[in-house]
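Next come two complexes, and both contain chain A; in the first it sits with chain B, in the second with chain C.
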Partner chain A sequence: MAEINVALSARDSSAPTGKIKLSARNVGVFYGAANALRDVNMDFEEHQVISLIGPSGCGKSTFLRCINRMNDTIPGCRVVGSINMDGTNIYGPDIDPVELRARVGMVFQKPNPFPKSIYDNVAYGPRIHGMAAGKAELDEVVEWALRSAGLWEEAKDRLQQPGTGLSGGQQQRLCIARAIAVHPEVILMDEPCSALDPIATAKIEELIDELRRSFTIIIVTHSMQQAARVSQKTAFFHMGNLVEEGPTDVIFTKPHDPRTGAYITGRIG
Partner chain B sequence: MNSALPAAVAKGPDLSKARIKRRYATEARFRLYGLGAITFAIVFLVILLGTIISNGYSAFVATTIALDVNLDKAAIDPDGTKNPETIAQADFRGVVRTSIRSLFPEGTERSQERVLFGIFSEGAQYDVQKRVVNNPQLIGTTQRFWVKAAPDIDMLRKGYLVAADDGTARVNLTQEGFYKRLEKDGRVRTEFNTTFFTAADSREPEQAGVLGAMVGTFMTLGVCLLLVLPIGIAAAIYLEEFAPKNRWTDLIEVNINNLAAVPSIVFGLLGLAVLLNWFGMPRSAPLAGGVVLALLVLPTIIIAGRSALKAVPPSIREAALGVGASHLQTVGHHVLPLAMPGILTGTIIGMAHALGESAPLLMIGMVAFVVDTPTSLTDASTVLPVQIFLWADAPERAFVERTSAAIMVLLVFLILMNLVAILLRRKFERRW
Partner chain C sequence: MNNLIFIAVVLAITALAYHYGRRHALGVVGGKARDLHSLPGYYGAYVALWCLIPAMTCAVLWFLIEPLVLKQMIVGSILETRPGLSGDEIGLAVNEIHSLSINAYAFASATADKKALVGRYLEIKSIGSIAMVVLAFALAAAGLYYARKMIAPRLRARQAVEKAIMCAMIVCSTIAVLTTIGIVFSLLFEAMRFFAHVSPIDFLFGLQWSPQIAMRSDQVGSSGAFGAVPVFAGTLLITAISMAIAVPIGLFSAIYMAEYSSHKFRAWVKPILEVLAGIPTVVYGFFAALTMAPFVRDVGQAVGLDVASESALAAGIVMGIMIIPFVSSLSDDVINAVPQSLRDGAYAMGATKSETIRQVVIPAAFPGIVGSIMLAVSRAIGETMIVVMAAGLAANLTANPFAAVTTVTVQIVTLLIGDQEFDSPKTLAAFALGLVLFVVTLILNIIALTVVRRYREQYE
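Up next is the complex of A and B:
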């Protein structure tokens, strides 16, 4: 726990550094024979929020799942190319995908807390990774994760109640707390607000901005406003291709590709 | 869009009265069919249960007759040893007969004595013997014993027999006369038939009970459950979660589904050939019976287990994998606990199925006539459905009611098991 705090504060002080956290090279994905994603080349900087946008079915989720090798669990799915994380190919032979997923956390579209207590939801990751030595340390981790996810005040008096009893927005923040409890380096979010109302969405967006100080965040979203609000960098996908990527304000004001402009202004979707 | 509406679209939906009326009529008819089917099923169920209960309820009570037995020291323990073994050797048959004779002090003809003795159960002397061996201080006193009536008298009292002197009736008028006289003296009463629940099988209906079969059933089902639960769950988890999807696993899946439909007697033949002849397991024993039943219900439990595992939503798996749980951890920590109620429900229903099986057990010799309650898994024993089968075959009228009573006991167990299954399902209704 102490180490975590040290690591965390070390990272906190180092706001955007420009250091490349992840770089995708010629990434392609096949579901059986269908080529769902082609030749994606893209870099992700540390302590940035990067949003992936594009019409439905263009391969955003598919690309996101490449980054924590969640695609490995889908039968018939094949990934080509390489993704380097801190200079190491995560598809390399000596990378254990299970361990990788502890370093690259994920938050899903629909809040999916375990049907267990709030405490156990957050404590699950630290437990299986042997992070805390004893109950006191684990309590500390849970509190830290819930605080970081902005849920502590609402949840501290009901830690032993089921996580499924929370509201949708609270459940999603619980899922974020669960993801950050193992202290990943990167957090992937696949449309984390699509099941939430505007107020809960605003809370999560605030939270994302907050979390950026400690984590690198890649978020898939269908809301242009959300992409504009939370991300520093935006990538536009279309029909399995990465069409264009760049600083969010550039993408939204002066896109190079006509398809990007058309999508942003609502003419294709 | 504006000019070329397809003709069908332009016409719009047909909202005519006739059409709506036809729809209502179809719905009403469908409901009627459903009601008819349910009524049909309920009527048959009621007839079935009604027959069993009306045939069997009387087996839960038994006729007993008060007998004042003079526990004569000279006859039982002349040397005053008070040694249980010596006492057990005594002629209790004679003691009981003397007491029976004394019920009719005016004396009976010698030829009628046999008829008189025939009113009482053959087991009466053993009741007396047992009590005296356990309480030697009773020797020398006269004690009242409520001894069981002979089955024919029991049937006469319950109204299943009519006495006659035509030579074919099981009770003649003389015997009925003796019985009527005892009844008038207040020596006859009907009491709860404890023997039925505390004794094993017997040739004498009044001494026969279901305890032996019940213990045999518990042992057999116990063996079955111990085998089926771990093997069934492990197989279901492997097939559903870990097995590669290829031609071999497809073949295994098809075969498991087929096995669930194989006639149960085939499993009995398998048990006979493999367990008894090859592995040399004891015949008629709960051990072999449990293994055979385990083979029989295993496919059902694997199928139930797989569908319970499949019903766990993928979002839970993703959540666990997403925080870095391994596949086995995901299954062990999340999927299996959520699937467990479904697996247990399937298991209980499988066990209820096993509880009612008799055919495969007949094949491995569990049809033997066993008078002792089994005490170990290798003792010869029988089970409830086989006991029912045996009694249904017995010619005595008294076994007819015992057959139905044993069916009732079996049904009670079945209902209890299904109740547990329902409660489990209620308790763990999906919570995600």
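Up next is the complex of A and C:
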């Protein structure tokens, strides 16, 4: 707890704009007959980092994958309820998940660069969405994305080398650059640091705080310290239910639900 | 028959040695297997190997040197009866006696002194065999005695047995390699004999293929022409047609099975497709000659084209159908092996399914796909039965798929069928063709391996 308090006080507490970016209403997920997530209601403010915590199998990753409709790619997976983004239900009939995913980017647990050069990895999104008019513009987008992901200095001399040749931490920043290159509004991160060493983790956490100025970030994490360090708001999931959500410092210091306190102090999990 | 009995007895002794060694090892430690270094079975195997290996080595060595020893022994007797024979004549005489000894009918009509020699020969042979058997059993007994003496709780029996097994594995893999080398050399030597008659340059670059050799000098068509270019051009044409059929169909069905179809559909269709690979090629040959060739000819006539009834197209199409499962099944496997995380990454970028497949999955699976295609090409080049039945025999140098062409494999078959003299250029030409075929497939495999390795370095 002491560690978490230190982390909380060190956190940048600049005030968010207060505008609601996403709101989930009665969201539930079924894998075949199994009900993995029940009745989640939650709002996400713009330019905030929101962390989703909870023990393994609690439904936090499942919920995250609802927000860019990645669950659609899993056979037998069914989502109920609605998620509104800027007032439009992303599960509405006239929403194309492909378009949605250009607005809601995602970074995965394990770095998954494509088997292409560093440049082509970052340029992939702008290319498929026709976002750059020519080579010069594409170069600009790639440089901007790599700079924003803090990878430009390390990668600028080896843009044509395969992305898979980078170290694990660099690969994960490449994946972040790839995600932000299409200028999404929301970035989802599914345990982005769980495969990285502490130094690479610190770099990514700094980056998350930077990126908050331009994007809304929702991050799933197993590390309490990380949730406390990077997020303004925290939601605790347990057994497929959203138990409690609120400002991060409240969740970590004065949780309402006994299960939240028990999880944070390591008694359940 | 005697040899079979010998082997059976040695194996029986080995089995007994195993049980004896196992029991003895347990006896040494008073039945407490925990006090032994290795499991009791290893001590049994240790003793058994000490019996088996010396006895079998002795038998194999005798098998190898028996002819030499026999010859040396009988030469003295031959020279007694027929002094003053030259070296070649002695060899001839020894061979004759050997034939007489195994051919009762010829033996009956042989002269008396030859019969005596054969009797002496058989006598030496049976003494040698008995000596070998006695020696082998003595060695087995010595091995048994030695191994029994060695058994102690601290004997590393497992290591010793595993080492013996490793040696056996090395021997097996060496056999495979040596066989390949042997095949290459036999091809090479026969081809050299051919090149003594026909210059390699004429063979490799000549445009005329008509492998006839005259029996008499006044015969019609007496001049043979061994320019292999038309034959190789025919092979290339048919291979190209078959790949033009097999690669698109195989690749697209692989992509459909791996990316679009349901698991249930795939579980049904993939084995059915693989049945295609199990159909004997001679059946494909029927299909090509009786169904596909007339069909192609009729369609050609309907649109006003002059199509030969043994067209390259018909043979190529059927061969392509045969090869589809090679491409589809292997490509399906490599596409399935592309990690799901790469697909997730592409979907999360807002890529559509087809963009994901074209830009991420296929490039990642590319080395494996190239490998499967190269395997299919090698198969197409070496395929024999379909082209023997459906392609022509005339060596036309043409790129027209409606004409009849011939292939390397067809020519090899026709050159070697029937009664042949094995020293005429006509027959030897088959070996030269085989050699070139071998070199071409070897080069293709090397290219395939290089491509696969290069992309693998880049992508993983």
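Criterion: the second predicted complex is superposed on the first by the 254 of 269 C-alpha atoms of A that agree within 3 Å, B and C clash if a C-alpha of one lies under 4 Å from a C-alpha of the other, contacts with A are read in each partner's own complex, and residues count from 1 in each chain.
The rule is simple: a residue touches a chain if its C-beta (ideal position, glycine included) is under 8 Å from a C-beta of that chain, and two chains touch if they have at least 3 such contacts.
All figures in this text were calculated on a predicted structure; none of them were measured in a lab.
When both complexes are overlaid on chain A, chain B and chain C end up clashing with each other.
Using the contact criterion defined above for the overlaid structures, shared-chain residue A:Asn68 touches chain B and also reaches chain C. Of the two partner chains placed by superposition, A:Leu151 touches none, neither chain B nor chain C. Chain C runs into chain B after superposition on chain A, and of the options 80-88, 116-124 or 170-178 the stretch responsible is 116-124. Common to the chain B-facing and chain C-facing surfaces of chain A are residues 68, 70, 73, 75, 98-102, 105-106, 108, 110, 112-115, 124-125, 128-129, 162, 164, 175, 178-179, 182.
Those residues of chain B whose C-beta lies close enough to touch chain A in the complex are 245, 313, 315-327, 329, 333-334, 338, 431-432. Here chain C touches chain A in the complex through residues 262, 339, 341-352, 355, 359-360, 363-364, 458-460, going by the rule given at the top. Residues of chain A touching chain B in their complex: 68, 70, 73, 75, 98-103, 105-108, 110, 112-115, 124-125, 128-129, 162, 164, 175, 178-179, 181-182. Residue ranges on chain A touching chain C, taken from their complex, read 68, 70, 73, 75, 98-102, 105-106, 108, 110, 112-116, 124-125, 128-129, 162, 164, 175, 178-179, 182.
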